[in-house]
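Please read the structure below before turning to the comments.
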């Protein structure tokens, strides 16, 4: 197909994705797009799931999402997708919280409020694993993320699994204990910029512009300078909090500020294992679609090899563009 | 040739015409779905009819692996239960407060502006406060429906009560009725069919609030299922669920209309109702 | 002693009574808030009035550092713009389709059941499809309002058009009117005040859909702001926003009522409207 | 003592004076028929007696005390229209007042009490000729049938004061005569006091013991609303039927009405004399000839 | 040629026969007044002429062709009630038909054309005595004023056929006489054909060139709905006013009505003779004495 000039990506409000809004506002994305002679629209969608749905339906060429959602929504929907940028992984940003109890084992028999089938659910499954419990030992209550904090105030709610900033809001309340968090499974909940593989292959410029812009923003926000603080203040503000609040969220997020870090993470064999866990969890919860006979139904390509069906690869971790950035070739 | 306004389709023609737009919609859907599936055979947004069949088979006629329940029926039962509780409670509130407001100026003066204000508050924006008051259980879901539609119903009933000709109230007084008797013998029976009509009009809103409530915190229900499977864009489940919800609402609408016609023939003879 | 039904409060009494429940609510809030704050001085759920003052100061009277805009006013402007577009479009649709449906049996036969069905579909459940069709821009937000309230308005207008006595339509024909003239000279002017009344009744729903739309895709607007700060349980911002929304809706309601009374005095004289 | 006293009564709607300077006394058991030009305030006057319109100036006394400012069971009414309850059958409409009286809480009767009430109601329904339509709803009745139903509904309570606003306008002469008989017999039997507005002058003469003519004596073409109507004639009538006169109560002495100012525009009586052929004139001559011919 | 032919016409509502076997011919320019017991089907008959009720059996011909099954401008109507548009002022109500005629698209006139229409309308409004209320809305008018407005509204178009359903019931005698004059003069001037239902027999005699009496000749107490009403009498009237007779068109020869069966229940004429004193009887005797006294 012919090369395209116009692209659009969407993102939603989350600590690791705030740079997209900042970059769009400060024309950093535009600068890089201009450099490659293309045009990129960066669109904020407040509803996270809706943004992935729109991407999956073909409305956008790229979208920010987690590794698990990338597998269960676009990839399971046969929209061949590439993780163009591995931005960060959750390192304490997601957690299991109990009211009045300090031990994870006490969760047995409780109702657990969380966003079902999300990374929280995955985290819970991993947490239960770690203490020899299974999902049947508890009862999951699907609760919308926006209402979790308020819901925690009611008597009915004794256990929740959620992410930041909701997590820190809940932990700020009296008698709450974080009994498990993503720092205990580092590198398993990964935040990505996912783009359509076909579009990327036909338009490498699109990938280059996005990656170039991203690492310029990374450089800006990580700097311990006035400009860096200003950038983080803006991002904090846009996510509804202030600099301190945003910094606190960053503290539990392992940002890959340098492209080399991201490339190293992507290249590690650990990623393949992580995707196996994720695929197994997803299959057990029916997220891989009706056609899936087992967890390996969908192939996930990583630099260290393909997990699952190599004839049905729908999700690819491709460090090529990040490598270009690391090499300063953009 | 009669004027357009005087030409009335016969029974059969009305049926055919009534079905037509639905058929058109179906054809439109099929075309759009085929076009998308031709591009990506696994497209999830507009699935083919065979996917629907598969999803329906799975949801309605295969026991769930984990719980052993038939999900669709379980969801339907809990949603309908919540809906009818919410609707019933709202209608009751509307009947009592609406009629009192309509009949008694000293009730109307304080309550009418307050209820207008309440009807204008978007309930979704004050969910946290609702949680404190009603918790997060079944009560909360029913109450969200009530808070969503009762103010509208109350205002409507009040308006309808005020529209009853003053002559009737005067007449009743000359026949010896006191305020209470006017309420039970003149206002109440005349408001009932109008209330049913308003309830029918607010069915859409009631479903909306039910689904919103089930999206907030639930473990079953039609709205719960829709929001759950939305996580992986399972339109093959969502669309049959939406059609099912619409069908249920349609049936409810139909039943309410029939009840109204059966119980209040005088009302339907008065207004020229070619309601369909 | 007059019967309760005949006792009418005077102007002042009506005012005082009207304000009473609001004052009661305020007092109740203060008590609850104090109780919670006494337990946990950092409680965010029911903030004190001084927190409100701070939040209002911040949102309404301090320019945003980033953009230099006053957030509250900016949010208000975009939300009101979307709301009026959505309401206006819905009213227009209701006017055209509702009157045609009411007047022409051959329109009503196919459209009435279809619109009933549409009015029963919960728009929130088919959001993905709506967004694909209308995109995620301003259009989508306006359309969500339209899809949310237009079917209701259309059904109401149709019903009202059918309630116009058949004698009037006959009379118009004996005066030489054809179908079109009956529509513009008999139905349209008589439907207008009734449409205004329905629009007033659907204001609450319109805000609801606006807020829902803004929570899904927007970068400013009252609903967006509430969505944004909701995850921090910033009730000190949310509650003033809710009050502000309610106030705006109240004002809109008031303006619509005044317009109706000014333009259609004959209508308000007919029905005994002690509407407050 | 006089049942109703009207002392210098005025009624205004904003700028428009509808009624001015009414002064009358009405005794128990009188049957007053009221005629007057369309829009001159007859219905308004009846509404004041009913207690639903306030008095602008002056006094309206019942048994020497100010008339209660709200409708009550001692004053029955038949309106020009909207007079029956659409949600009740003919029987239900007529039974209503009996049910209200006996059952303060539910307003409904059951079992034996209901049987009794039904029997009473059925008699009254037969009396107004609606026996065939006992279980029909008002929307299934013709205009005249509805009006008769309204009458039955009001008469069953035998109110002390009965207010009728053109009750027989929609009836054909045959049924109208039946209704006349019914009203007259109940009036005599229960000593009701009746105020009846009519446009049929014959009816006015025939039924009443006293005929009031409402009309504007003063008229300013520049300001048509500046002056209201008064009771220009108060005629002792009913002499055509000897038996009525016999039983009617003694009438308060009234002044002879002033001679007719012949310039005012819509002179009711002028019209009658000019346009209606012999009959009315004949009655007019014989009955009130003394007055003003 | 006959304007309207009624051939063996029946009207039934479900089981209930309302009208049966009507056979009549009406020529252009006749003025037919209709009387009959309440609920006997007069309004139904008018509705069939109007085209809003269907014919159950038989034929109803206009100019030899089946009557159009919908209302049209050649047939004007004044209903018993609900006859004016609540959203238009008096002037707007009367002007409406002129506007509809001249402005097919908007149904509104502007500028000069409007002035002309207004002038015409004002004349008509003055003729019905509503000059003072030109800009009032119907809800500000008394019942009688509304009825006059409805009349003005219908008359301004001079329809070929004018259908009046108790148009003067709510009017006082003075204004009623004015209205009589108005209708008669328009009738003569424009050769209208008029059907008028009335409960006032005098009016029937005075206004019409022909008086129809609707009544049930057959009555089965077991099945009160089994038989419908017929036109039992068709009387040439109007002789009281020589000038009317002179100008009225030649009347189709009609059979002498059959002698009155004296057993049927609500015999209209019996009632008239028994209850109404001299006047009607006088007219009855002199006018239709030949027929059946």
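Letters A, B, C, D and E mark the chains as written, and numbering starts fresh at 1 in each.
Going forward, a residue touches a chain if its C-beta (ideal position, glycine included) is under 8 Å from a C-beta of that chain, and two chains touch if they have at least 3 such contacts.
In this text, all values refer to a predicted model and were calculated from it rather than measured experimentally.
Under the touch definition stated at the top, chain A and chain D share these contacting partners: B, C. A centroid comparison over C-alpha atoms places A as the chain most distant from chain D.
In terms of C-beta pairs in contact, the better-connected of the chain pairs A-B and C-D is A-B.
Centre to centre, using the average C-alpha position, chain B and chain D are separated by 49 Å.
One inter-chain figure worth recording: chain A and chain C are separated by 38 Å, centre to centre, where each centre is the mean of the chain's CA atoms.
Looking at chain E, one finds that residues 70, 81 touch two or more other chains. Chain contacts: chain C has residues 3, 45, 128, 132, 165-166, 173, 178, 233 touching two or more partner chains. Chain A has residues 53, 57, 147, 149-150, 153 in contact with two or more other chains.
All chain pairs that count as touching, in label order, are A-B, A-C, B-C, B-D, B-E, C-D, C-E, D-E. Residues 165-168, 170-178, 180-181, 184-186, 189-190, 264-267, 269-270 of chain B are the ones that touch chain D when the two sit in their complex. Taken in their complex, chain B has these residues touching chain C: 3-5, 7-9, 13-14, 17-18, 20-22, 45-46, 103-106, 108-114, 116-117, 119-126, 128-129, 132, 148, 151-152, 155-156, 159, 162-163, 165-166, 169, 173, 178-179, 182, 197, 201, 203-205, 207-208, 211-212, 215, 223, 226, 230, 233, 235, 238-239, 241-242, 245-246, 249-250, 253, 271-276. Residue ranges on chain E touching chain D, taken from their complex, read 35-39, 43, 80-81, 129, 132, 141-145, 148, 166, 169-178, 180-181, 199-202, 206, 224, 240, 266-268, 270-272, 274-280, 282-283. Interface of chain E with chain C (complex): residues 50, 52, 70-73, 75-77, 79, 81-83, 85-88, 96-97, 99-101, 104-108, 137-140, 153-154, 157, 159.
Listed in rising order, the residues of chain C touching chain D in the complex are 2-3, 6.
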